[in-house]
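Structures given as structure tokens follow.
Two complexes come next, and they have one chain in common, subunit A, joined by subunit B in the first and subunit C in the second.
On to the complex of A and B.
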């Protein structure tokens, strides 16, 4: 593959691109800074970055779909030699879809709700009547075959399809005119892990048979690394690394790449070592001089603060690499840095575990059932969300409830917190059956049980300050008044690492980053001094590089405060990190249970195995591929 | 403004929130919208005219001792009525009535809509059913005939009646919008979180729900005020207002019934109509800015 690629002319060339967001009310924000790269025919390129790194802006620029506030200040975007920023609008219209197509992040929004699948797909042909004969060979039916969707769904409306099916339809639509380049912008965000896995493997097969090039934009390095030929890593509007995927995984790479990869591991390994990058990306309003990553980089030296950071151009057996980091020098002859120095990148996650069965039982769930019944006319359907579930929560230990969406895990969380009543069975906390609580007693109960939400952007009132949010449980549950409240708010903010408290107390949620908001949500749950915390996917909405950090905060606080935590997740790796015990839930039933190690290393149930295989593991898929000739490498690659 | 917001690149440690983005309050957002700014300036002019009416108006608007039926020009800027009143002075005093009606009826309508919307959205079940039914009922009953009927058969005539009639017929649309907003907000995580923090119903309503409905409430108020000003003018034009108050509506009524166009007193008919359209335009323009408040994508950046 690499050899074949190098003789082909690139189909897309981006030269020295700069894009700014202009506003009357503040200085222009430069969101894309001096970006240049090429995509060759049939190449699968991953574009990775945390939220706010500019990756979606770059994707939109390639489709020439920038919003009015974004301005291209300099640079060229050449598609087969034609500058997409300057060609006439009609030429661009013809080019779109027949040559460059796209799959958007949310197919719920990109499919027209009032048209059937067939009508929308035929619309594509109608808009491109001029498409060459060869391209007409593809039909609506064939394209659906490609994504394994039955033809009967052609006459369905989008709302009648599941999220995963809609995304498959969007994928089928993108290949209708056999384009040469498809841009994917976070195509599987919001989908279930298992569904995500199946769509991505389908995409990979399609790409290999139809030979189109892919630009795959994502925040999830692990997923992309499994599929991409080459990856580009963006940080604060710059492409800091552009390397063949195999090289990026080799352990010698830009410190940021190394840091991002630190978040991945195989949960089945005996020892797992997860590292995270402390801090967060700089605000694009004031990107520091020199290397933007220097502030978070453990390897930063004075050289990194110089205005001009050289880009190292390195030839490796797998292809060409560009790395913008002083460690790699600027000459081709400069030796690669030794892999061992990267051990300093990021911070090792430090989590503690409790022995199984240790600690006093604070909550006992016995034979829990929840049935939802819906009545449509005379038809009465019952949906068994939870069937015969039983477990215990112990003081100072974490129990993970693992399952994909629809497995009933959130329902169990809702019953435990008293939001819903069980159909049968009991949840006993401190001798009281939670299901029997009435309005007033429920309020008391909630001082003992707190909830940590999935989406930190929804869990905080946009109109109230951080200090107010944390003060409410103190006033209501702990009856603190006046200066006591203030002192306690400051103490709790310090506990979750938001220091100094005076910086954060009066902030509104929109002035905080996602990770900081989740810390506030955790702080609010802790403020009530609960006995039990139910955490419903608390890290799934966060950027990969800060997930480990939040897990560590959660782990530390439950252990040190002697709280029993029910950690609800679909992600076995995070469960491995934080939990002492794992319950695997499938279609409302617990199919496997045991200590974390036992469940992950001596997996018995097929469903657990399926979940395990859905975890992105960048190294795994390449382990068997002999394309990395480690021995022939000239560098000190171990 | 621009000087304050000029950004100075600072050495901010990466995990501290950067302080460079200045918080813009609601007023700044509305003012930054060009259309809204025009509207605010026009509205301010009207308010100034209404407040300073005794200074601006050359005559008492009810003084009917002037030479009647004069054409515009000369000492009487817009001419005089058939009864010998100065039209310009009437126009100036008419601004008072329109603004007072707009303000009061707007407040009353907004309050009714807010209370009914909140109660219907919060209390599900029978209460919601009843209130939703009343909202739908009020929406389908044609407002104009109802207004005319009530105004015509009422024993008292005056501004309070007009405000009462407008409030009675105008609350339903706002109530429905606010109910929908409450239903949306109450299922949000932060409301659940407040419940877990031990907050009671009243605190949840006034600290969690209402602050997030401010833009909707303000927009509802503007809409109600526009409707009220128009309705007052309409009722007065039909002769259903208080015949003794000088308002733009009653001016048009008298101009019309005295055949102002036939006698060449075009300003008598035209001036109140234009003033009315200008005021309503101003309020509508302000509404554009308020839209930007609730939907950041509409902001003119």
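On to the complex of A and C.
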């Protein structure tokens, strides 16, 4: 434990760090640019940024785990005054885990698959025999108690544990030697919201009792803002803002911070205002001169294109802020600009105003059941994936199917698209029972019901061009020929916002960004002129700013083309933005239905309440923190 | 546990199927099976030697009894290691001929295979551990280069340089003519002396596959999250390299190794041919030349059984080493 007088001494100091990836085949890419910050004992620091902004690289640098192709071109990394890049290897080894430990993303892959949990934990003690007595008080059993895992799991292998349990084991392992700093890299990505919530609250209690400092890397804004004392926002390899969380939320912050926060809202709120930042981060091969964010920033001026953007150092009641933006702390103006200037940052998205019951019914699902039976040796087990589910889909309206993973959402989607047969019950589309369809008619049916998957990277054939992918349904289902096909492809590309079509028609999937790929998947689904679209978590793999954009496209297209959509998700905010009606699914049963607003604001069922309470709400949990920072001193640093 | 039971069951079943097929196939042909076999081996135009037909008949058993009885006799003979008489080495029995050749192959090829595997895997692991250094480049480029050379060329070069030019080792044979084969120290030393060149050839070519395979697997497992976490845990280098990276990288190689060991029983035709080594490969080569059907049949059976057995042992071994495999089928 840190001594009382060292409370204000940072345990970790990063100074002017630059990291490049070198490659024989192309120019070096600088992925970390002039990053400097400090972490104090017991502090909970969040690191936020879009995919590819360099968060993991920075985390790995702190752990000294960079891959051999990464070069630290300049800068220092001081842990209690010792430079981790230059200390002798054996000193570094001893310092590892006893001072700085880590939990990786998805411990699926970070636990050794052929060793028991116990063996992997005891390895730590074996490697650190010399650690001081205080550090040896912890035992493997005690650490498991801390994360509420039964001791019997010590003798299990990783693959015998669920994802959430593995993550808890990883958390228990990280505190074995009572380190002073733990680096978390997306520790709950891929886990269920409810599981995620329980792990994070466990982390928070552990941190409060053991007093270690945390660097928490995530792209999940709500979580970071709720948990962290201080947040750092990364953009294109730079830390553009480093502020106490309350200040970052105050409405006066770096335009990128404002933009990121704009895409976040609490689905329970009566009025929702969502904004997103159009465009994508610059390629790291050619970061523009001046502010890297300038191309997407609505507030950019000529000044922002000057080579050196100063970093404003501002003291606020909650602590110290560093903001790299010309709007802050220039010598001639107030350190903080007026909050109103940020009103125009980002682009507003239309929040759909849910209207229940409009439009004719195109699909009726009645008393649907699906039971999977598995046979293991002599044991016969039945898994009731879907139990007595019934609902209707209407023309031009969106129905959200919401539930935890494993609740049966995807099974219902698969039955609807005719990929899977129900055990009992009916799905009626245009007067025909889908379960009774045979080969030919089923093929026809499938063109009427299109599926959009979670992963746009797997949904497209890597070897065929965008134009070809979209033309397939036109030729197969709609029997278009020749120039008709071409015109229709262009029209659909325009509809999903890939304009001009000539620029996208001949591209291959790998030449597109994630958001563009998902647009192509949507275009392909539209090409078949479907009556129903089943969208299974269509935005969950995308970055926040792209999410809003794709939701927008889906929203407009279903309504203008009179398509009925079943929107499958675990994310209640996105359901709020697009759906007219919500069905809450729990263990195969629908436990609550109603119009979107009704389900979210006048929630009746406990399970829906649990789902809602698992959503982080930084604004609410910080309500008592003063939100208007009064600047006391300022200085500008080039 | 279930995993091992299942694998054992599967092994017994395939073994039985192989043995039975070996019995059935020659008998399923229309007409007199013995005549048909000899005709096939001799070629259509040639005159068939009645002696040959008699030998095959002997091997197949008395044709007049029922198929069931023949099958029973066949199994009985198998259990007693009785494969009939060799036609090519009449009046020696097939079993005698195999017993003569097998020890040579087993020691030469078997031992070199094991050494090649251990050395190759070790070198591959070392190269991966020191990846992107000079050691790595030397090992991987060197073995990639050697892997492009045909085996016979390497063998002939060894003979040319070490035997013909430097006269350090004999050109071929398993032992010197003057020594009487016996279990004396002199004979064993002589055997080893003769085995050096073929063993060297086998070692060079045999280990390359393991080097490259192990290096690739290990580079992957070194980059994996569990290895990186092991480093972050502050484990000693050795522990990270062996218990985390190498152990998992090794698993896929084990199966390949066990199967290659099974192949040893068939001998290696080329190496025994080049070094005139009196092992199973040479025996098989001669058996084909002599149209020695009983001998061929026995060699094929032994090879099949050995490969099956090796596969089975590989499954068991991997099951012991990798808990994920055990779990999948239980």
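Rule of thumb we're sticking to: the second predicted complex is superposed on the first by the 605 of 638 C-alpha atoms of A that agree within 3 Å, B and C clash if a C-alpha of one lies under 4 Å from a C-alpha of the other, contacts with A are read in each partner's own complex, and residues count from 1 in each chain.
Here is the rule we use: a residue touches a chain if its C-beta (ideal position, glycine included) is under 8 Å from a C-beta of that chain, and two chains touch if they have at least 3 such contacts.
These figures come from a predicted structure and were not determined experimentally.
Peer 1: Return fit or clash for subunit B versus subunit C, each positioned on subunit A through the superposition.
Peer 2: clash
Peer 1: As a test of reading the superposition: which chain, subunit B or subunit C, is in touch with more residues of subunit A?
Peer 2: In the superposed model, B touches more residues of subunit A.
Peer 1: Could you look at A:76 and tell me whether it touches subunit B, subunit C, both or neither (first, second, both, neither)?
Peer 2: neither
Peer 1: Looking at A:511, would you say it contacts subunit B, subunit C, both, or neither? Reply first, second, both or neither.
Peer 2: In the superposition, A:511 contacts subunit B only.
Peer 1: Looking at the overlay, what does A:476 touch: subunit B (first), subunit C (second), both, or neither?
Peer 2: Only subunit B is touched by A:476; subunit C is not.
Peer 1: Could you look at A:288 and tell me whether it touches subunit B, subunit C, both or neither (first, second, both, neither)?
Peer 2: Touch partner of A:288: subunit B, not subunit C.
Peer 1: By the touch definition at the top of the document, which applies to A:110: first (subunit B), second (subunit C), both, or neither?
Peer 2: second
Peer 1: Touch check for A:453: first (subunit B), second (subunit C), both, or neither?
Peer 2: first
Peer 1: Spell out the residues on subunit C that touch subunit A in their complex, using ranges where they run on.
Peer 2: 2, 131-132, 223-226, 228-236, 239, 243-244, 247-248, 251, 321-324, 327
Peer 1: Which residues of subunit A touch subunit C in the complex?
Peer 2: Contacts found on subunit A: 63, 65, 67-68, 93-98, 101-102, 104, 109-115, 123-124, 126-128, 157, 159-160, 173, 377.
Peer 1: Which residues of subunit B touch subunit A once you look at their complex with the stated criterion?
Peer 2: Residues of subunit B touching subunit A: 2, 5-7, 9-18, 20-24, 32, 188-190, 192-199, 207-208, 211-212, 214, 300-301.
Peer 1: Enumerate the contact residues on subunit A facing subunit B in the complex.
Peer 2: That would be residues 22-27, 69, 278-283, 285-286, 288, 295-296, 417, 419, 443, 446-447, 450-451, 453, 455, 458-464, 468-469, 472-473, 475-477, 503-504, 507-508, 511-513, 516, 521, 524-525, 527-528 of subunit A.
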